[in-house]
Each structure stands twice: as structure tokens, then as C-alpha cells.
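Notes to accompany the following structure.
Letters are used for the chains, namely A, B, C and D, taken in the order the chains are written, and counting of residues starts over at 1 for each.
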Amino acid sequence: MSPDSFTPLSRRAMAKRIAEDIQDGWYVNLGIGIPTLVADALPDSKDIFLHSENGILGFGPAPDPDHVDPWLINAGKQHVTLRPGASFFHHADSFAMIRGGHLDLCILGAFEVSSDGDIANWSTSAQDMAPAVGGAMDLAVGAKRVWVATEHTTREGAPKLVEQCHYPLTAPGVVSRIYTNLAVIDVENGHFVVRDMVSGLTPEGLQKLTGAKLYFRENVNA
Amino acid sequence: MSPDSFTPLSRRAMAKRIAEDIQDGWYVNLGIGIPTLVADALPDSKDIFLHSENGILGFGPAPDPDHVDPWLINAGKQHVTLRPGASFFHHADSFAMIRGGHLDLCILGAFEVSSDGDIANWSTSAQDMAPAVGGAMDLAVGAKRVWVATEHTTREGAPKLVEQCHYPLTAPGVVSRIYTNLAVIDVENGHFVVRDMVSGLTPEGLQKLTGAKLYFRENVNA
Amino acid sequence: MINKQVRSVADALEGIRDGSVVMIGGFGSVGQPDAIIEGLIEQGARNLTLIANNAGSGHVGLAKLLNAGRVSRIICSYPRSSGSVVFEALFQAGKLDLEIVPQGTLAERIRAAGAGIPAFYTPTTVGTILAKGKEHREFNGRTYVLEEALPADVALVEAWTADQFGNCVYRESGRNFNAIMATAAKLTIVQACNMTEAGTLDPEAIVTPGLFVQRIVHVPERTLLTDSSASAETRKQAA
Amino acid sequence: MINKQVRSVADALEGIRDGSVVMIGGFGSVGQPDAIIEGLIEQGARNLTLIANNAGSGHVGLAKLLNAGRVSRIICSYPRSSGSVVFEALFQAGKLDLEIVPQGTLAERIRAAGAGIPAFYTPTTVGTILAKGKEHREFNGRTYVLEEALPADVALVEAWTADQFGNCVYRESGRNFNAIMATAAKLTIVQACNMTEAGTLDPEAIVTPGLFVQRIVHVPERTLLTDSSASAETRKQAA
């Protein structure tokens, strides 16, 4: 069996791939990391409303360096722009939107995701006494859909898609889809179901890099 | 013993008497009835901020009939005016102010007040299955001070200041002062303590019209 | 591009089912979404549960909806007032269930529903007959009662100005229950006195961000009456 | 007439006692009340409990207050970030108690304190180590945890513009925790970039009505830095 020959997606390409699947009119919160890049990848042809925990609905891509507004940052503390129809509110109202189920989608980074849809993305050890949780737990339980955007494995090659998370959970059973640099995978009834892979990668090749059994849609493009 | 010779205060005079005791800078909610009249009796020399349950802070007296703004009503559904520095908010924020203890004073009408500070002002019978409570219970438990403005007796002459309320309570133990058309009475440690009476009325005369024992301050003007 | 404005009151109310829980904004006649209340009567849904501050006055608006026999239950703080003749008659005849909720508790229960809070404790009603049967609990030496969130299937809301994304501002005391009800229903329908282009409302002053709103119908104000008790029917017309 | 503006940062902070619970607004560097944080260091109160979203960055603002040894306990959602060197050192040395609270729960607990709600239920943290020891309860088939209100003795808040009655508006993402902390403390102290006459702010756009505010100090913005990580010390000066 010859080794697979494939090129993993860049972080920007992952963001673009995710942006394609976001529907016109959705209200979306983007976590820190790869998800943040989605803001710059959204097509102009859709009205997608980006929400930030710190009280913005309707922000846009990063400003050009000469037009930075220092009062306008997202939850990752990066400068952003405003789109027509944007609004500001305080933190309690912002999380009322999140917890109240008013966001169509939240995209989070992750250390691990399990085939039950558990996500661990805030603390790398139960012994860490000062982990930074931020808004991750509220987003994970509040949004109508939770998608994860992550490299398929750690830098050391260990799988991040697993049968059971070893890191402390952010929330159990909430993730419905995972976008990695190798594949797009749905979480359905306790299974990872592959809907899309980078070209040149075989099902066996992807399975080797994954810590739980993969199922494949009939029409998956490999 | 000759009968007392005195003139009860008019409703307007009661409102004026109450207005004298409201301190500069207080945030005040006025209940329906006599309390509402206080809005028109406040002196220009003080900044007193009137709060209305339906989302106004800083309203002023009734408008003259030619300058009515139909969008500007108080909780009694009467047209009011706005003072400089006023603001609008929604019902949840309005009652957050009330319940959160941010109002210095609330003035309520009452059917009965007990010497323990219990107030009954919303329902005339436990058998009434459709009484209108409105915001009375929230105001009674939320404001820093609750004053009552009421006639001293019912039209039939029955005392409204009593040992124990017979009507369903609005809240127990919250009233600290009562302004009637005959007297100003503090509620202290389970006692009615008279601080002020209309001239010509004797302590004995006031006691006869009251359903609980009265105590008198040394310097009470009778 | 997204445009939540629909062409008529009828379009705005499409699909509301029998048995729905319907919130109706307004306080007194200010901020009452008269045109869509009228539209709901024509739409025909029955066996409704209404959540509103009061139970209608005279024979228009809420009272007309009650009178048409469409409401089986009402949750409000102030059912009885001088003009609540329709409510009185139905209630006396046993044709209407009633739940009395203090106004602040009503507002907070609605806000909780919109904010994903299933229940909270409040001091209001402790020591009164309205606390009967409620769970009591002490925090820091004071007693409170447990109250649950009050969500709805549909919210009927009046706004002063809306844009096509559903961003809304209200006018003066018209904000009242409208702004919180907009957050607490699966389907929020806004009757807007004015429409504007997205981007023209001040982002700092938007009260209801568009994510809470599903449908908007433009109902221009015809005349501003100075008598708040006058019939609302003469005031609005669907655009 | 009422005027809540005081003449100096020192006047604004007068009387804050050792052992106080102090809320500090801001998110990132936006909306941080830098001048009154600096003033609090000079004021000298010790053994403080801080409530803030994070635990400071670099060696200015919150971090400087921590470094001065004034804080014994901190309640926040995001203590650790690339610049949180002072926090790290103190925490490792056992000189700082920490309570980690999810950001939304932190916001809601603050809001609850301001709204007279002693406790509420939330789905956040269920099934995680942060729910350990918390009361769990089911409502309509879903499990929630009980969270209590988080009040403070003092709130330090930055506003964009304030009037003499204490009405405040914020600027863009500077509203964040400031607007809710203003409601949750016995003493709310506002650092305002701009002062205006009462009656000039739009009543529809006031975010913090004056009843929540006790003292205001005017701290004009000197320069708007475009690097949000730059020292806040160079940005503000007390007027």
C-alpha cells in the first residue's frame, strides 16, 4: 500500500471552506484561532452577522492598518470593522443572545472532540488551577449549532478526534460538525461521519490519523 | 370634652406635604392615586428623579393640554413630560432598578397599613380571583424606603391604619412612614409613631380614627 | 440579501397555530401592536395563551381578540381596570383561565426566557397569597421564591423604526414590554411605524438587534392621537 | 442642584476600605478605567477582592494593582493570557485566590446582583469540572446549575460620555462589562472621557441611567492609540 499523497489545507483555506457552508442570514460567533479567520473569508454575496462576546453584532473583517478603530475589538482582542446594521450591547445582553439560543452557529477551536460531540478546548489539564475559560462554555451550550475548526492532529501527530476526551470538557455532546485541515466530519449519533476529504487522502489514511472509528458517506469525495 | 375642630388636608395638600420631605437627588417611584399628585408638587429647587415602571427615569409634571406627547405616559397611564437628563429603558431593566434596590423611595396608596409595616393595596378580598397587582409587590419589596399616602380612614370612617391587615398583603413589614390627610406617622419597631398632625386635631381625636395604638413624638405639633 | 420585511399583516402572521403561546407588547395604549393584533383575529388561530401586561380595554385590540373567543388563557399583571369589560365577562363566565403575575416578575420571566435562564429567585410575592405553592428559599438571610422562565411561540411587538435586518428602536415609553418580548419567542413579529435602510440606525442606540426578529411589517402611523384611550383602530393602517 | 462629578481621581476613590469587593470594567484594553485603577493603587486599600474579566496584562492597570500586593482574591473568566505575567507569579506563589467563572455566567451574576435576583439557573458548566460542587437541577428535561448573584462594594467603570446626573453612554465595544458592573455595586465610580450637560444625551440612547452612578471623574482621552496592547498609562490623564 503506497502512502497517501495529499496537501493539508492551510488555515486560510480551512476558513474559506467553512465560510462556504455558512448560510445567508445566519448569526455566527467565531472562537479564537482558526475560527477567527472565517471573518475575513465570508463572501460578499451573503449577509452573515458576526457576533462577538464583548458586545458587537455585525462586525466585519480586519481593518487595513491605516484605519484601525481602537475601540472596536472582537473577543480575541483583534481590531475589526463594522458592517451596516451592526449594533452594540453590554456583556449580559451579549450572553443572553448566546445562552438564549439566538445564534445559529458557533465555531470553536478544540484540543479534542469526541465522537459523542464532547468538546475540550479550554484547559489542557485537570491539574491546571488557573485555566482561562472565557466564553467557551457559554457558547458551546448556547448556540443552535456548534462546529469545530481544528488541525486534524496535534503538532506531534496525536489525534484530536477521539473516542473520549482526555482534557477537561468544555461541554458534553454539543458538536455537530468538525472542519479539519484534512476533512469535514459530521458528528451523528455518537459517530464521526466523513463528508469531505482533501484530495489524495484515502479513507484508511484519514482513519490512521483519527482516534475513533470513522464512517464515510457514500458520496464522500476522496 | 369638646370635639376636635380641624380641617383634613386635601389630596393636593397631602402631595405637597410629601414633596417637602423628599430629598434632593432622590430617585422616586410614585404609585397610582394620591402618590401620582406628588409629581406636580415637587419644588424646582430640588433635582428629584421620578421613575415609572413602564421605562422612564426623569419624567416631570403633567403637560399642558396643548402639548401632550401620546408616547409619554406614566405607570398610571397619564400623560407626563420629560425633564433634562431623562432616559428610557425596557420593562426588565425598569424592574431591575426597582428590585435591585436602586430607588430611594416608593410612595404607594393603600387600603390598609399595619403597625408592623405590612401593606395591603392591591386586592380587596382573598376571594377575588382576578385582582390587578401590577408593579405594587415589586415596588414594595424593592425600594429602599416605602411611604404610604392615603386618607386616614375609609369613606365609611373605618380605620386604614390597623394592628393587622385584613385585606391580602402586598408585602409584609416594608412601610416606614404614612402620610394621611390627618397626620404623618412613622412605623418604628412595630409601632405607629405620630410625628405631625393637622392643627386642631388632638392625640385622642387621631387615636379614635386609628385601628392601632398611636405613640407620639415629644415635639409633635398638634 | 436578507430582508425580513413582509408585504402585509397577513404575511406576517402566516402559520400561527391553534394553541400557540402569544406575547403581546405595549403598556396602556403605548407600544401596542394594534395592526397585528387585528390581523391575528382575522388569521383565526384559536385556543391561544396570551402573555401581556393587561387583559385589554374597551372592545378593540386585546379585548377584541378575547371577545372573538380566541383566547383560553391569559398571563398578566393587571387584568382588571375600568375598561376591562370583555375580560370581566369572559372570566366570570369561566371561559378564560388567568394567571396573575407581578409586573416585575412578569418582565423578568420574559427576559429569562430570552436569555436561556430557566428559573430564578425573586423577593417579590414573599409573604403574600401570590407566593402560595411556590418554592421558597433563603439566600443571605432573606427569603425568595422560585420563578420559571416564560417563553412564547410568537411575540407581537411594536417598534418605532426597524431596518430590513430586524434592528429596532422604540419611541419613548413605547419600549416597555416590546423589547423583552422580542427576545423570548420562537417567532418575533414586529409592527414598525417606520422602515429605514440597514446602517442608518445608530449602532449605539439599537435596542433590539436583528437576531431577535423574524418578520417585520410596516404599519405607518396615521395620526398621533392625544387621547390615549381613543380607539387604536383609527390610528394605524397596514402599509 | 445635583452634580455627581468630583474634582479628582483621589476624590472619586475616597473611602474605599481594606477588604472591599471591587469590580473593574473593560474587556481587553477597551473600556478599562485606567486612571481610577491607577488611583486605587495610590489610594492604598488592601486585601481587595477583584471582579473583572481577566487578571491583567503586562505591568500596568490591573497587573500593577496585583503587583502592588493589594489584591487577595480575583474572580474572573480569563486569568491567563500571553501577558498575564504578574498574575502567574502571584498565583504560583500562593498569594492570590482565584475563582474561575465562565464569561456568560460572570456577566449574568453581575447583572443579577444589580437586578435584585439572588440566584438563577444556567446550563453553562453542566458536565464539566467547573460544575463540581454546584447544585444541579432539571427544568423541562434539561439540567442546569445554580449560580448566585455577584455584588460588589465598588464598581470602577469607564464611560465615553457622562452628564452631571450620572447618565452614561459608552463607545463601541467599550460598553462590555462596564454597563452591568455600574448596576451591581454600592458605590459606582465612573471615569468619563467626556462630560456633557444633563439633557444633551439622547434619552433613547442612555445606557446607564444616573441612578446607578454615585461619582464621576472626568478623564479626557489624550491620544487614541491604534495598538491595543500599548500601555494604557500614556492614554489617559485625570482632568
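The rule we apply is simple: contacts are C-beta pairs under 8 Å (C-beta built on N, C-alpha and C of every residue); 3 or more make two chains touch, one makes a residue touch a chain.
Being a predicted model, the structure only gives us computed values, none of them experimental.
Shared contact partners of chain A and chain C, listed by label: D. Ranked by how far their CA centres sit from the centre of chain A, the chains are topped by B. Of the two interfaces, B-C and B-D, the higher number of touching C-beta pairs belongs to B-C. Centre to centre, using the average C-alpha position, chain A and chain D are separated by 29 Å. Centre to centre, using the average C-alpha position, chain B and chain D are separated by 36 Å. Once the centre of each chain is set as its mean CA position, chain C and chain D turn out to be 34 Å apart.
Across the assembly, chain C contributes residues 108, 111, 115-117, 122-123, 170-172, 203-204, 207 that each touch 2 or more other chains.
Residue positions of chain A touching 2 or more other chains: 88-89, 92, 95-96, 98-99, 142. Counting only pairs that meet the touch rule, the chains in contact are A-C, A-D, B-C, B-D, C-D. Within the complex formed with chain A, the residues of chain C that make contact are 1-2, 111, 113-117, 163, 165, 167, 183, 197-199, 201, 203-204, 206, 209-212. Residue ranges on chain B touching chain D, taken from their complex, read 24-25, 27, 47, 49, 51, 57-58, 82, 84-89, 92, 95-103, 142.
Interface of chain A with chain D (complex): residues 52-56, 65, 68-75, 77, 79, 88-92, 94-96, 98-99, 123, 126, 129-138, 141-142, 168-173.
Only residues 108, 112, 115-123, 139-140, 142, 144, 148, 169-172, 202-205, 207 of chain D touch chain C when the two sit together in their complex.
On chain C, the positions that touch chain B within their shared complex are 27-30, 54, 77-81, 87-88, 91, 98, 100-108, 110-111, 122-130, 170-180, 207, 224-226, 228.
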